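Same chain, two partners: chain A is paired with chain B first, then with chain C.
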Partner chain A sequence: MTTAPLDSTPSASAATSPLPFLRGATHQRSSATRGHNVFGWLFVSPALAILLIFLVVPIGLALYVSFTDWSGVTSPFGSTVHFVGLANYRALLTQPGLTQSNFGTSIRNNFYYVLFTVPLQTVLALWLAIIVNNRFLKGRGLFRTAFYFPSVTSSVAITVVFIFLFQSGGAVNQILHGLFGINGPNWLYDTRGVFTLILNGLGVHNPPGWANGQFLGVTWWDWLAGPSLGMCVLIIQITWTTSGTFMLMFLASLQNISGEVEEAGAVDGASPWQRFRYVTLPMLRPTLVLVLTLGLISTWQVFDQIVLTGQNNATMTTPAYESYYVSFQDNAFGQGAAIAFMLFLLIVVLTLIQRRFVKEDLTK
Partner chain B sequence: MNERHSRVGLVIRYGLLILFALIFLGPFAIQIANSFKTDAAATSNTLALIPHPGTFSAWKQIFGISTAGVTDFPRWLVNSIFVSVVLTISHVGLDSMAGYALARLEFRGRRLVFGFIIATLAVPNVVLLIPQFLVLKQLGLFNTYQGMIIPISVDAAGIYMMRQFFLQVPAALEEAARLDGASIWTTYWRVVLPIVRPGLITLTILSFQGAWNQFAFFLVATISPQYFTLTTGLANVVSGGLSAGNQYPLKLGAALLTTLPVGVLFFIFQKYLNRSRLEGSLK
Partner chain C sequence: MKKRNALASMALAGALVAGASGTGFAAAHAHAKVTLTGKTHGVTLTLMFGSSGPAETAAVNAAAKAWGKTSHNKVNVINASNLQQQLDQGFAGGTPPDVFYLSSTQMETLAKQGQLLPYASLVGPAKQFYPALVKAFSYNHTWYCVPKDFSNLALEINTQMWKAAGLTNADIPKNWSQLQADAKKLTTGSVAGLSIGNTLDRIGAFFAENGGSYMNKTGTKFVFNSPANLQALNFVQSMAKQGIMKFPQQLGASWAGEAFGEGKAAMATEGNWIIGAMKSSYPSIKWEAVPMPAGPKGVKGTLTFTNCWGIPASSQHSAAAVNFVKYLASPAQQLRFANAFGVLPSRIATANLYAKRNPSVAAFVQGARYALPQVGTVGWPTVQASFDNQVLGLATGASNPATMLNQLEQNAQALLRP
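Let's look at the complex of A and B:
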């Protein structure tokens, strides 16, 4: 039972279980095989051709371009394009300069975005699922719809709304002022990191000597700055849009946990918190792992929102946006492709780590 | 005592739920209200839910019936509808055919094809943006409708989902049809497809939603405003004048127009949409 939700993740099932269609193969008849061959290939070939031409070929082409100085204007195979070896990768990893510090900054920004968004959306989703799941609650469907609605809408449209809400004289700052007398910042333009602001509040204004050292062109002081106030808006926005989807996943598995198990806990005299901690939560574990995995992979790919906000605030860029910007604004497609492959590598590594974690979880 | 405890708990529960419902729906209410305000009122009186003075000027501009200024939104709306409808049709057609072959037809190499399709699911979309631009450019499809549609006219997640639906159909049904002399195509078209109707409806909604909300791919596939959809057009308008803080009613109205079709679909077909999300077969 614990494997059910995980089994439906495509990547997990492909890697961990023998392919399930083999079980269905027994009804096959050898006389029908030829028809199956012809129609089988006929049915899959349009999809296969499109995936090959527009997914596999592009990756190969981009890998080639990442070793060149192609500017996006002429053909990437023309005589004006030079093979530059690993120069584009060196510019990101070992060679100090603007390219490197922009890349390092985008990694820093995205890291804090992931670090805050994934736990926030998971906890909020789980919490909403638990309160909506109450049998005695009236209007459950209504609440569920309300919480889920933001996740079906366009990322661009939602970002426009949030830009409006978080402008300096916008709704959020008016509410902050009205309720708490706080003068809110100009959120989306504010580059100050949350951790730095806390340190400033504690009286620390200048970085200690060791914090002037650099990694990927970014000082340790900046690495430790935390998400900027601008990035906080995005963290709030994504938590708000995605927790509805994850709430539905938690709701589905909560409904699978039978009421009897909970009642057994109640008879034993367990408090609601103990029942949650020792009965419900362990049973939700597979869904929790799934939600964390999906969250981790998608948050490292944040892009749409950044296109609207990133150009005004250097603390809101991400590797995906950096790759796009360097390619299309600076016309350095080789460099942009190299950034895309670094991001690819990062996500693959994270997925492999996650998969290992999930596997361990399944064998427990 | 236990009863009173639970009653207090229920009140707290409702209070929290209503508070969160307000947080989740409030932004939409503010968005709707401000799209009917003047530029000045949207800035000075943001929180008022009843526009005063109310005006339709932003909406007139969006639909191109205003003398105040012409926008490209009508064209972008038509583009969005056109591209989304074509993409939905191609997804439903091609994804379900491929899904059926992978679920039911014993062709040579099926295991390999299935493995390949699953593998493509693992490729992060944002990493593909520049590569896809390169191929569009090479094929001469950059900045065309064909270029916006063909590369994303099938999707691996949809194929996988349809395969799962076809696997649930009892194989005996198809065998009976085949014994009656029906060809594989007739069996697929007349017998199996009608049975997986719920799956087809789910795929239709998700495909339409995906195409309508598509932004990143269209951003790299096109450059001329004549090919913009509502998402790329809106982004263009917003990133052009973010600092000025002007024309908010127009932007919010356009954002609402971008939200509405999928929102309405969502309310009508909630049952299907929820279920497919729950099955976790997408993303």
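Let's look at the complex of A and C:
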């Protein structure tokens, strides 16, 4: 190895570390290694500086802003900006009012969006990956391109197309009317929750007494309403667009599974389903965890689609959109930053829970 | 309206009060005399504006060039793609433009932070401008900036459909019952009699026509939850439920002007911005505008939307900037802007002159004397959005007018609490 001179200490881990200066430097006080340390830090300093200036400092500043009443039209450190302590967080969590109920509603909307989108897009992506991984499929390249295409198209453009498809006299409603004689709803503006509609169908129209209680300014009846018809359109759209990206990830790891493993399973008499369930799926586990984690994080941050469709429908707002709206429309940047940090906490907590239940490596 | 005319002279007293109460106003304002800084020639100013289209961009550029030439200054014109955001960035960074478009809904945020120069009375006495506009750009009894122009709501009628339904000039709606009867006659299978946007910025006109309002006279309390407003909202709902009035989204349009232009609605309630849209996008439609009908008690009402010429308090060239605004807000220049892109002059005499020369805009100008301005209280956009989100539910019965108004008043009132 060319790095041999650097690894003068007989440490086992040292040989494997690509950045020797990051090792526990306390044990290595020789002047030679100190020189290496300086140069090491020097070489990574541009990257570190960029991270610090464009990531760490803005996050710190946003955290500071979330404790102030900054209006966005003065310097955040100016004399007109007041430190308000936890007031912005109180307005979200404990203080009844419009801010709280808007926040609660956006969490509710986004929760159902995640609940339906993440499993749907993961299953669809896996299914598509298995199909295009089939060696006997003709025109595989064409299918791979076709399935991946929605992912490379601008989300704004796709959303606009969906708005046209699902408007009151749009293609979807015309098909519904032409084929089934159904007068379709005004999809993107429909605020009725899917679960509520099912309950209405079963004859339950009024919420039971316990459902009138509130959490985050939203009644339990509304928490349990399910995604609105408008949100369902977005769930369909996102599932369609993102499954291509995740299909690519599944495909990459499917191609890493050698044919011999499959054949061994077949020789042992496993049915195609058993081979998938007990051979392929466990080997895809790291990718599955990756896809679920990425899916969970990105769906909690959905924004582009909401800006285009959520303007007239309170059942389609999300915390990311609330944060933007409160900041830039109301000039309440402190409140907006507080919403952003609540969303950040939520994502961290949910990701930790998810990682606890879906382990990357079963042997650990 | 004597009180409003005296507004400019009251600015001194108002500023004194504001200064004394110590709400963060600079001491200079207590003297009400604005100290202007910088030279009046040889200066380079920045003008930031948000354009409605090529016509407005060209007119603003031409005005800046003309003033620069006669006054020996230079103006850098910035056509902002997102005016509010770019303005905020300018202010936050300490480099706001010297002159900028400022909407009445954003004025209070800047004034409250002491970022806006209250120069308005230097340009002309308040009585030369429409009182509603002066009021829209006043905060704490101080008139801050000169209204640039305004737009009012009127009722647009598709004259071909009007005749086809057997209606004549005598049927032009003077009150709600006539409006309802006309809308009923104009409604066919695929055409709604009337279309209005699903927002308080259209429905509020019905409040005004019924003698209702947004705030009390002194501007200290919101009064949405009044019997007059409830009756008006009930009227809107009854029209929506009958299907003779439809919101644009029910017609597959993004705004009422689109539904009107595409022949999906026989009448619409929009402002004078519809003139340009009809000319460019739907030139074949024959239409005319009439004033909004009066309410059951004969009260006239409409809504007004306006921008002013803002100058930042921190401007190093405020002397030149005020001169520039004097030019931009002069009667001759206001007429040039009106002719170029259809906005209405904010000076009463100039607006009347413009209406006389252009009879088609008369219906829009007429409402200026009694129009209600938009609410500009800090934090208002979220409050209005939560009302607007429920408007579509009026048609299906999912929203209840009494609950909507009650919530609106509560949410709005919460903004006034310190």
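Note that in this section the second predicted complex is superposed on the first by the 297 of 364 C-alpha atoms of A that agree within 3 Å, B and C clash if a C-alpha of one lies under 4 Å from a C-alpha of the other, contacts with A are read in each partner's own complex, and residues count from 1 in each chain.
Note that in this section a contact is a pair of C-beta atoms (placed from the backbone, for glycine too) under 8 Å apart; a residue touches a chain by one contact, two chains touch by 3 or more.
In this text, all values refer to a predicted model and were calculated from it rather than measured experimentally.
K.L.:
Given the touch rule stated above, what does A:102 touch, chain B (first), chain C (second), both, or neither?
P.N.:
second
K.L.:
Taking the superposition as given, does A:147 touch the first partner, chain B, the second, chain C, both, or neither?
P.N.:
The answer is first: A:147 touches chain B but not chain C.
K.L.:
For the three-chain arrangement built by superposition, which of chain B and chain C touches the greater number of chain A residues?
P.N.:
B
K.L.:
Let me test your reading of the model: by the given contact rule, A:167 touches which partner, first (chain B), second (chain C), both or neither?
P.N.:
The answer is both, since A:167 touches chain B and chain C.
K.L.:
Have a look at where A:209 lands relative to chain B and chain C in the superposition and call it first, second, both or neither.
P.N.:
Neither partner.
K.L.:
Applying the document's definition of touch, where does A:48 land relative to chain B and chain C: first, second, both, or neither?
P.N.:
first
K.L.:
Should A:132 be classified as contacting the first partner (chain B), the second (chain C), both, or neither?
P.N.:
In the superposed model, A:132 contacts chain B only, not chain C.
K.L.:
By the touch definition at the top of the document, which applies to A:269: first (chain B), second (chain C), both, or neither?
P.N.:
A:269 sits against neither chain B nor chain C.
K.L.:
Taking the superposition on A as described, I'd like to know which of chain B and chain C A:201 touches: first, second, both or neither.
P.N.:
neither
K.L.:
Could you look at A:325 and tell me whether it touches chain B, chain C, both or neither (first, second, both, neither)?
P.N.:
Second partner only.
K.L.:
Please report the chain A residues shared by its interface with chain B and its interface with chain C.
P.N.:
In chain A, positions 72, 75-76, 167, 169-170, 312, 328 sit in both the chain B and chain C interfaces.
K.L.:
If we count contacts the way the header does, which residues on chain A are in touch with chain B in the complex?
P.N.:
5, 8-11, 14, 19-21, 24-25, 27-28, 32-33, 35-44, 46-48, 50-51, 53-59, 61-62, 65, 72, 75-76, 128, 131-132, 134, 136-137, 142-143, 145-150, 152-165, 167, 169-171, 174-175, 240, 244-245, 248-249, 251-252, 290, 294, 297-298, 300-301, 303-304, 307-309, 311-312, 320, 323-324, 327-328, 333, 336-337, 340-341, 343-344, 347-348, 351
K.L.:
Which residues, counting only chain B, touch chain A once they are in their complex?
P.N.:
Residues 10, 13-14, 16-17, 20-21, 23-25, 27-28, 30-31, 34, 43, 46-47, 94-95, 97-98, 100-111, 113-135, 137-138, 150-154, 156-157, 159-160, 164, 167, 171, 175, 178, 183-185, 188, 209, 212-213, 215-216, 219-220, 230-231, 234-235, 238-239, 242-243, 245, 248, 251-252, 254-256, 258-259, 262-263, 266-267, 270, 273-274, 277-281, 283.
K.L.:
Spell out the residues on chain A that touch chain C in their complex, using ranges where they run on.
P.N.:
71-76, 79-80, 97-99, 102, 167-170, 186, 188-189, 191-192, 312-314, 325-326, 328-332
K.L.:
Can you tell me which positions in chain C touch chain A when the two form their complex?
P.N.:
Going by the criterion above, the answer is residues 24, 84-85, 87-88, 91-92, 94, 106, 109-110, 112-115, 198, 249-252, 378-383, 385-386, 388-390, 392-393, 398, 411, 414.
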